[in-house]
Each structure stands twice: as structure tokens, then as C-alpha cells.
């Protein structure tokens, strides 16, 4: 038995929010020996798809364990509260809005799902708007204390869960159209395309690309690393998560291209 | 005996500040087995009242324990450094400026107070401006190690402490005037009024309200949850902390009303 | 033997970044009993010098231990990955770009250095751009588990390391020219000059100064603490890190002087 269960925690509460601290407090009260690993609390509010991609990239680096995942535009509506077990052994806890199936894509997928309808595990006074505090974190803490997965509530069909929407990626001969799935703190523009898209579009031999955005067209050059992008130019690298990423030499590619998360970019041979 | 004492920590240092990390380091050096739970480090500088309200809402979720609380506009002046014991058993440590009495309101109030004048517990080289590092955190760490409350310094009269200023709330027949006590990351406007104010003003039966701000008048509708606010409208919900809160459908109510913390809002039947 | 090794962690990833959480996850997987103390993740990207100063000020408060330090504009280029042992006993891990020698200045300096060329300690799939995840944190975690310093890779000459660039400080009779090494969250302007510079420039008896910036000249008065600065005036205090610091009464001195990190300020008798 693992005495010191770790709970990964990601949300859209903002790194500065006391909501994060209150969730930690709730867990400390129920499971004083549990550890919380804050993955990030800067997930974009309402962006279930983007949040899934970030969590998808992060969780494989953690030991298999518990995770509370919260991007929850439907809080207070009828969306359900669920826990899912993944093939790798992780248990993910959060709203039934596509976030957990998205996150599970890098953990072998979902093998079982349950509603969080065992109210004895929840806080007594339950608000309509802060389910992370009142439901998700208490349930995670009880699981860290050793209650079985089946104890959280009744089993539901995995096929019934709200599915995850994959980001746009259209690969054709000579061009790739794809969504911007993230802009990091340095202004690097992460695209919903991996290097195999270059091969499938017969662009693997190209070194210079036209980057078409709603705002115009720019030129970008394949680079092995950020450090190889020439001064004043745009580069295309494979980023540390395995995505194609547009970057600029010590500057923000997102600002240069005037594009953000959810925007659509087309790559063609220049 | 609790081997692993938890120290809650809230400040106005900013989530990104190395000041937070230095305080963690100081605690780790004196009390390597203590755990620090960062409630938030985004308390608004100089806003002792607002900080108290946030801490008041958060601490009841934590196990009774130690807390270092720092919003300290008077650092370097003659304001005193204190520790207080609350009825629930918590010990709060910080400046004598109203913050601790405010925070203690949700912990049963203060039952004993002491000056931090036992300088053997402080860091040796003491600056005039960073008392969290030099005094508050070292004292908290020594308490986590098991020294008794009486060891921090001499006893003082609880009635002598700088009191907490409650936020404005005026309830009259047909109208409620109250302060904005917080704007959260989603732009929701938290008011210094709980649902009982609606009853006391004979407005409990109203569903539509006029919201009067220094900038003009808007209309808002009572909603059960954020999810029930109609597109383009303003809603009034009871938020997760029990306060009335103005919100907009997937948008910032604060931006819409052009109001922030400390602003005054009047609610009337529309 | 210390069962619970602490790893201090400072980076330019941003407090909100999932990169921080992924690094925590990597450490938790290799060394589940290690503790991570996040000093700050708001180091300014590309500013190796400023980062060194902040870490220099922070690490002496921590117990001697392990530290992962990441400001890495050269990631993906040929800059080397290193670990250094300091006189105090700390082991610092990061890129060979001046950051570690700078940080070590407050830990007694560097007594030994090694390349991180033992690839068995790294993650298996290594990206070209996220060495904190793939190399620095795994190596730190293995050190926390008890492998000897010599196990990280081959020994290199300390004199070969990329040196740290000290910030500008020119002290002449009657004037001090120095760099702004930091602006904190309150807008206080920290200068690369300690109180001894006032003595060496024969300005120790002055109480009023002219502060010359690229934008003009302002007047500032020596104050014992932030609280002693008069309304509407600028003050010069010795800050909690021992640096001279320009401050304003409950306002941002940086905004008033229109100056930021890296700017140059001259102090003369007013």
C-alpha cells in the first residue's frame, strides 16, 4: 500500500487564486498524508479542449495516481460529476464534459467510469458553484486514504461520457490546416500537428514554409531547436511535447503572427 | 503529538514572487518536517480588509493549525508583531493591523494574544522590511516544532489589538448598499451581503434588481447558479463562500459594471 | 543520511506554467520522498544576470541542499549541462551560462563542477528544448535518492565554466552609477549598490539625492523604512536583501521614474 498517495491537480482557477489553497486545505483535512502536485492552475477558462491537451502532455510524467481536473463551464448546470479509471491505473476526477476522456488519451484510455453520487464522501454544506472544494477534492482525498474506486458511486457506461473534441487537423497534399492549441509564456505557437503530418502532406522535404493566418502570410523555416532560429525570422520546431511549434528568435511568434489559441493556421511550401 | 504540523500561508507577495520561496526556505530550515499550505499570495497590497475576508472564507476548510498572514502596509513603522490563539485552536501570526482579528472571525474569535518579542526565535540579521522572512515564518516554524504558544513573547490584552473594519453593508426597506469585497478571476463581483440581507430589506421576493453603481444603472436577475444566467444578462447568485455575487454569462460582470474591489453598489427592486 | 532531501527550484517558466508541474511530476516519479521548494518561477526569460541575483539572495535562507536553476536562452544550442558543488555543500544543477556561478556567490563559491553526461540518469526520450524535465530534474531526483555527486558525469575545470556578469556599479566621489537589478511587485526599484557605496562615494552624509535616469531627474530622500517615505515623495531605503532601493509612498517608484530592470540610474547629492 502506498502510504503517501499523490494527487495531481490542474484547474482554471488562476495560479494566484485562494481557490487552489482552499482545495489543498480540504485535502489536508481529510487525508493529511496525501501530497498534492499542482500541474497548473492556468488552464484557460471554458477551454475544455485545450485543457485536455495540456493535461494529456503532463500526466504521463507523473507516477500513476489520482488527479483532480477542473475546467468546468457547466458548473451549476446538470452536467455530471464523475471519476474514471484509466488503463495505466490512474483515477481522474472531475466534471463530465469531455475533459477526462481527453486527459485519458495519454494514459491508455478509460476502462471504467463512475458517478460521484456517494454523498457521504462530499463536504456537508455543498455549494452550487465550487464542486472542486465540495466534491472533487474530498473524493480524491478519500481515495488517497484507501477507499476503493467502487466506493465513489454507481458505475456508468464509458460510452455515455461526454466525448472529447479533437482539435482541427486537415492534412492534404501540399498543405496542412490545423488549430493553434497553445501559446506558451514565451509566445511560441503550438500547433495541433505532429511531424508525421509533414510526411503525410508530402512536405517533409520542405525547409521554408508559408504560414497563412487570418491576418496574412509569413515565412517560417524548419529549425532543429529554438536556438537555431535566425534573428528576425520565424522558425518551425518540434517542441518538447512533440507538436510542431512556430517560434521567433528571442521574441513572441504569437505577437508577430497576431494569433492565439483556437486560431487556425495553414502551412504550405514557400 | 502531530509530527507533521501544517502552516497555512497567505500574503500579498504575488504568486510569482521569490519572497514566497524564501519564506518556505526559512521554514524548511527551522522545521524540516513542517508542511506549508499556500492559501494565496495574491492578496491585494494595502487591503487589510479584503485580505481578512478571503482568509476568513478559507481557513475553516483547513485543519486547525498554524497560519502566517501578511498584508502589511505598516511594515517598518511601529505596528506590532503578534500571534493570536483562536477559539478553534488555530494560532495566527502576523502584523497587528486588523488582519488577524478579521481572519479569526470564522475561527471562533481570538482567545489570547502575544507580542512576538522573544527575539531568540527570530532570524539573527533582521531587516526593517521583510518581517515575514525574519520574524513571522521563523516563529511559525518554532511553533510547528512544538514550542508552546506562550514562548513567542509576552501576553497582551486582546482588547488592545488593532480591530478589523467590517465592510460597508447598509440594509433598508427596499434597498441594500454594500461594498464590493472581491472580484475573482472570472470577473464575478462579490458583494458584502449574504442572502439574509435580501430578507431584511424585504427584497426576498424580487427576481429582477436595479444595480446602481457610480457609473450608472444595470439590471440583474436572481439565478440559482452561474449556468442559469441568460446570454447577455447579469445574474445575482449566492457564491460558494455564501456571498451575493454579480455575474455575467461567460463574461466579466466587473468589466460590464466598471466596478472593482472597494466600490459601492446599491441593489433595488427593478 | 537525510531521508527527505529538499530540491530548491527556480525558473523562468512562469508561475502559471504546466512546465513547473511536469518537473514536479518527474521528480515525484524518480524520488517520491524528495520535497521541492519552488523559490520562484518568475525569473525573467533571457536575464541570466538578474536571475543569479535573485537566487543569490534566496538560497542562503534554505538549508544546504539541491537546487535546479533554469534560465536558459541557449537551450538547444551547444551550451553544456552541468552540476556544481558549492563550499556550503549545496549542489546546483542547470545550464552552463553563468547562472550557477552567479547563484554560488552567496554559497561560498564553486568547489567542483561536472558535466551531466551520464545519460542513464536522464529521461529516455529527450527533447531538444525542455532540459529541465528531461535532464536537470531527473539528475536532481537521483541525487536526492543518494547517488554521489561524482555519478552525474565527468569532472570539468571550474575555471572553464561560463562566468557570471556582475551588474554595473561605478562609484566615484560624489556619484554612484548603477544598474536596476530588479523591480518588485510593489514597484520598488532595487539598485546594484549596497550601503557601502554611499561611503565610498563620500555620500554617506547626504539625505537628499538627485536620481538621474534616461528620462530625467527626480529627488529622493533617505528613509529608514518604506513606512517613512513621505506622501508624494521618493525614498531610498536599504531593502530586505541589503540593496539600495528606490521606493514611493504606497505607489510604484518604477512607474514614477519610468525605469525597469537593466536600466541605469545615477545618484548624486541633491
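Read from first to last, the chains carry the letters A, B and C; within each, the first residue is number 1.
Just so it is clear, a contact is a pair of C-beta atoms (placed from the backbone, for glycine too) under 8 Å apart; a residue touches a chain by one contact, two chains touch by 3 or more.
Everything numeric in this text was worked out from a predicted model, so none of it was measured.
Trainee: Counting shared numbers against all numbers at the contact of chain A and chain C, is it over half, same, or under half, different?
Mentor: Different-residue interface.
Trainee: Note the rotational component of the Cα superposition from chain A to chain B, reported as an angle of 0 to 180 degrees in steps of 5.
Mentor: When the C-alpha atoms are superposed, chain A turns by 120 degrees onto chain B.
Trainee: Centroid from C-alpha atoms only, then distance chain A to chain C, rounded to Å. What do you get?
Mentor: 31
Trainee: Can you pull out the residues of chain A that are in contact with at least two other chains?
Mentor: 14-16
Trainee: Using the touch definition from the top, list the residues of chain B that touch chain C in their complex.
Mentor: By the definition above, chain B touches chain C via 13-18, 20-22, 24-26, 28-29, 32-33, 45-46, 73-77, 127-130, 133-134.
Trainee: Chain B touches which residues of chain C in the complex?
Mentor: 4, 6, 8, 10, 14-16, 35, 37-42, 54, 57-59, 61-63, 184-186, 224-228, 237-240, 250
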